[in-house]
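In what follows, subunit A forms one complex with subunit B and a second complex with subunit C.
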Partner chain A sequence: MLTDTKKYVFTPQLKLIAYVLIALGVVGLGYGIFAYHGEHAHRLWANLLLNGVFFLGISMAAAFFISAHYLAWGGWFVVVKRIPEAIMGYLPIGAAILFAVLIFGQHDLYHWAHHGVVEEGAADYDPILAGKHGYLNNIFYYSRFILFVGALVFLAYLIRRNSIDSDNGNIADSVKFHKKNLVLVSIFIPIFAVYISVSAWDWLMSIDPHWYSTMYGWYVFASFWVTGIAVITLTTLHVKSKGYLKEVNVNHLHDLGKYMFAFSIFWTYVTYCQFMLIWYANIPEETIYFKHRFEHYKTLFFLVFILNFVLPFLILMSRDAKRNVVSLTAAACIIILGHFLDFYLMIMPGVLGDHAGFGILEICLPCLFIGILILVTHTRLGNAELINHNHPHLEESLHHEI
Partner chain B sequence: MCWGLFSLGWTVWFGIGVWGLNKTVGWGWDITNFVWWIGIGHAGTLISAILLLFRQKWRTAVNRAAEAMTIFAVICAGLFPIFHMGRVWLAFFTIPYPNSRGPLWVNFNSPLLWDVFAISTYFTISLLFWYSGLIPDVASVRDRAKSKIAKMVYSIMSFGWTGSAKHWQRHEALSLVLAGLSTPLVLSVHTIVSFDFATSVIPGWHTTIFPPYFVAGAIFSGFAMVLTLMIITRKVLNLQDYITIGHIESMNKIIVLTGSIVGCAYLTELFTAWYSQNMYEQYAFMNRALGPYWWSYWGMMTCNVISPQLFWFPKLRRSVTFTFFMSIVINIGMWFERFVIIVTSIHRDYIPSSWANYSPTWVEISIYVGTIGLFFTAFLLFAKTLPVIAMAEVKAILKTSGEAQKKAHAASHHHADIHTSSSGSLHPTKP
Partner chain C sequence: MAHNYIIGLFKDEEILIDAVKKIRAEGIKIHDVLTPFPVHGLDHAMGLKESRLHIAGFVYGITGTTCALSFMSWVFTSNWPMIYGGKPFFSFPAFIPITFEFTVLCAGIGMTLTFLLRCGLYPGRNREKLDDRITDDAFCIVFNKDKKLSDDHIQKINSILKSSGAYEIKERQLKRHY
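Up next, the complex of A and B:
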């Protein structure tokens, strides 16, 4: 049984931090618009794409977290489930931002979107890209986005609504809402499974339009997923540190830690396999991707490997570390930073060649998105009870012990 | 099995020329069967190790039989590459050791050699895992054995187990270590099998998605074979109370999950072949779907991707007859998958003058049938002589998951309410 159902209050201090971050980000964005225009606009758009994709991916991962646990009849996650539900709130905003970036930045980001490449006889005609025109054309490209992202956002909205509604009635009614959500998540998961690959091709792989790798979709998914879990963990720890969520004990944290540990290894597995197979077969069309990154971004290339594999692996290896606030916080921060840099490596070399850098824009722009994410998440946390107290699996979660 | 043994002898005596392989299609049924059996051999360790990590208690109903199945499947798989070597008596050349053959060392750059290491390690750990789990149960059998000979044999096999606290403590520690070791092994074995293909430059073989997709496919086929075997076993040995419809349903859920992952991978490959605008890739996939072996491609698609989707319906998921039927369909589909990958990718060589077709000879068919015989013989011997259900492990979860216990618990619910809240770790201050 739940003992205390204190409502979450979004403290003015945290709100202030969020606003400061947003202000900082707006300044960075303004600087970017001012400094990188005309032929230098590539850099501005590349950064907007990076942040747009990265943060939308986090909220998609949060929605997937909810769906996967529902579908698998998970019990332990009930006490933390309002956290990913709150992060899901960023979905419609993130989708709108990314859609705008893909429309207005298309010319600067994607070579395939240039008119000449598919017109026979034009100066920059490219027979390979002309062959891909059936997939990489504006109508199909944008309608995919609207259709799939629209469906995911809508389903996530319904799942959240049912979850909140279930708190307002008695337990018998809540089973009805639970069953409704089971149906919704079983629609969500197949759409997500298909779109996670398609979105990786559309948003990221087509930046290097000649290059292809079948693993790419799952590789991007691994990055999204482990980052999403790190954000969920971090938010949970923060909320808990303010005196809420007493029901979330070390056993639940242990599970989140296990996820971060396991999926950091999974990310390494898919990344390594993709790299190794391309390196081993040594086919020029494929090796070009890594050759470029290896020659001009060597430090970053290895740094990503250290941040995303070596450190989380060593930090989270022991049982005690997965039950300790300090080590969990450290690992989550490292994972978020590492995967941000991983996405940086996916995008920048393709758009900017070897001219990418770390300046005011690169540092300030993520602040804008972090600020929005904090604002949305914590507002949503305050809008509903922190624990879905009518969830049928609540007791299992309260007595969770490993 | 005897016929298969005879055919193996025939192969050794006359050389692998008696198989249907030719210069273009150098891998045919042999490697298809090898990958098929290795895939089947994945379920056991997955159930024991990974489901243990995910705290899936239902695994205890089938883990023992699945582990045994793993071992027999790996034995069947191992036969194929060994006999494909031709001079099978020189098979030990694959082991790297300082030798008198001059500078003739194994090629450490070859994924085929990695396979030797991966599979032999997997086999060893799986065997140890299976046997160490058996020891307490063998001891129970020993204590109940009636004939003198049986008592003696079982007592040797149980290593003098007495069930003392010290024994249990060591047993638990060993199980944990072996579970930790075998978790990465489950992934590594099929990853390395996929490297056999993916490190090459053959269109249809060289694709980066192969490692995770092979692993998912292996789990998929492994669970199908577990279902095939367990549905028969539970019927014959009357184990309906131990292997319930709930267990079958859980396994069917894993089948629909892994089947869909495999389906996503098929479609990704197909899309990327077109998207690559690489004419060799495109041709390889056109040829799969519409070439001379089109039936195997569509057989694979139907059996592996489309038909498992029927398990979204709870009614079908909970039907034993339908599950048995589906498990056979999936076994066939996964065999087709390997045949598609291997034969259709290589039968159209880069130069049209080297194009060739392949069909197996009676020797290859007999060896394959022989391995199926070997597999079932071994499994039946196991079911006859050893406990097919992990008794000690089932006993351990009976208190928390047994129906009778749950009912008893529900009856005394009023007391239990106070009891759990005070004994739970949430409110340690309450008395």
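Up next, the complex of A and C:
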């Protein structure tokens, strides 16, 4: 049984930090609008796309975390369940931001969206893009986004509502809500599974519209998923350090650590598969993607590999490290930074060629999104009880031992 | 030389763990506990140290990595250099999958063999059973009678085993060390 049902309080200090981050981000955004307009607007839109995709991906991964554990009848995650549920709160906001970026930034970001490329006889007519017009056209592109992301946001909302409702009744009612959620997540997972590949093509791969890779969907999913878990871990550790969530012990942290460790390796596996097959086959239309990134972004190319594979692999290898707050925090921060740079490497060379840089905009804009994420997550944590005390698997989670 | 053991047989894992805790609280050393399936919390109750098997696994893995990488590098650069698909002789990315597989192979087989050896399960070893029932459904606590067990201790063992629900307590003499 639960002994401590203290409500989470979003402290003014943390709120202040969030507002400062948002203010910093708004200043950065203002600077970006002022500095990069007209012909240079590419850089502003590329940054907005990068942050929009990265943070929406984190909240999608949080929703997937809940769904996957529900569907697998997982028990251990119940005590940390409210954390990904809170991060899920960013889904509608992130979807709106990204949708706006995709609409208003489309001309600057995506070459396939230019008018002439599909018109035979036009100056910039491109037969390859004309061949892909059946998939890459505005109506299909935006309806995919609205339909799929709308479904994911709606399902995540229902899952969260059922979870909160189950706290208000008795145990017998909560089983009913649990079964409802089981149905919802079994709808969520197939939609997510299809859309995670589609979104990778739509948002990121179509920046380089001539190039394609069948591993790309997995590659982006692996990035989203491991970053999402790192954010969940960091938030859990933060909330725990404030004296809440005493039920979350080293065994639960160990499981989160195992996830980070395992999916860092999974990301490496997928990334390396994509790289090696293209390197081996050596077909010019495929190698162009890596040639570009290898020639102009060599430092970043290897830095991403070190941050996303070598460091998490070495830090989280031993059992003790996965049960230790310091090593978990370090690994989570490294993973989040590494995967942000990974997305940077996916987007920037495609949009900006070899002119991408790290300036005020690149550093300030993520602060805006981090601020919003903190604000949403912690407001949501305060809105409900920190542990779903009527969840049918709660007892299993409290006695979790590995 | 003959070896003497005291064993207590139990029907249920709950009472087994209680008995283990009580015996350890008395400061009596338990030689081993045998169960038909893994029992949660038993390692902790017995005060077992963390296994070092994973360190062995790491060493085997590193050995595999080094062997595979150095062998392939040697073969493809100096021993028998050949051009495949216009790639350089030392085409590192192509070595990675084989290196990975060999690392896993070495770690897997090495750990299995180490585990079997440490358990004394090498070919030709014929173990005497402490009791036939421990290969079926009995939970069993084993004490080594030859090691620092005074008569007082043996009395205590008997009384604790009895009071905590062992359905049989007996002494066994084995020809070889258990």
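Just so it is clear, the second predicted complex is superposed on the first by the 402 of 402 C-alpha atoms of A that agree within 3 Å, B and C clash if a C-alpha of one lies under 4 Å from a C-alpha of the other, contacts with A are read in each partner's own complex, and residues count from 1 in each chain.
Rule of thumb we're sticking to: a contact is a pair of C-beta atoms (placed from the backbone, for glycine too) under 8 Å apart; a residue touches a chain by one contact, two chains touch by 3 or more.
Remember, it's a predicted structure, so these values are computed and weren't measured experimentally.
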Superposition on subunit A - do subunit B and subunit C clash or fit: clash
Which superposed partner A:Y280 touches (first subunit B, second subunit C, both, neither): both
First, second, both or neither for A:E401, with subunit B first and subunit C second: both
Touched partner set for A:S186, first subunit B, second subunit C, both or neither: first
Contacts of A:R319 with subunit B and subunit C, given as first, second, both or neither: second
Partner chain(s) touched by A:W218 [first = subunit B, second = subunit C, both, neither]: first
More subunit A residues in contact - subunit B or subunit C: B
Colliding region between subunit C and subunit B, picked from 170-178, 296-304 or 404-412 after the shared-chain fit: 170-178
Subunit B/subunit C common contact set on subunit A: 280, 401
Complex contacts: residues of subunit A adjacent to subunit B: 1, 3, 127-128, 131-132, 135, 186, 190, 193-194, 197, 201, 212-218, 246-247, 249, 251, 269-270, 273-274, 277-278, 280-281, 283, 285, 398-399, 401-402
Touching residues on subunit B, where the partner in the complex is subunit A: 55, 187, 191, 195, 198-201, 206-212, 260-261, 264-265, 268-269, 272, 275-278, 312, 417, 420-421, 424-427
Residues of subunit C defined as touching subunit A within the complex: 40-41, 50, 54, 58, 85-87, 93-94, 96-97
Interface residues, subunit A side, partner subunit C - complex: 272, 275-276, 279-280, 282, 317, 319, 401
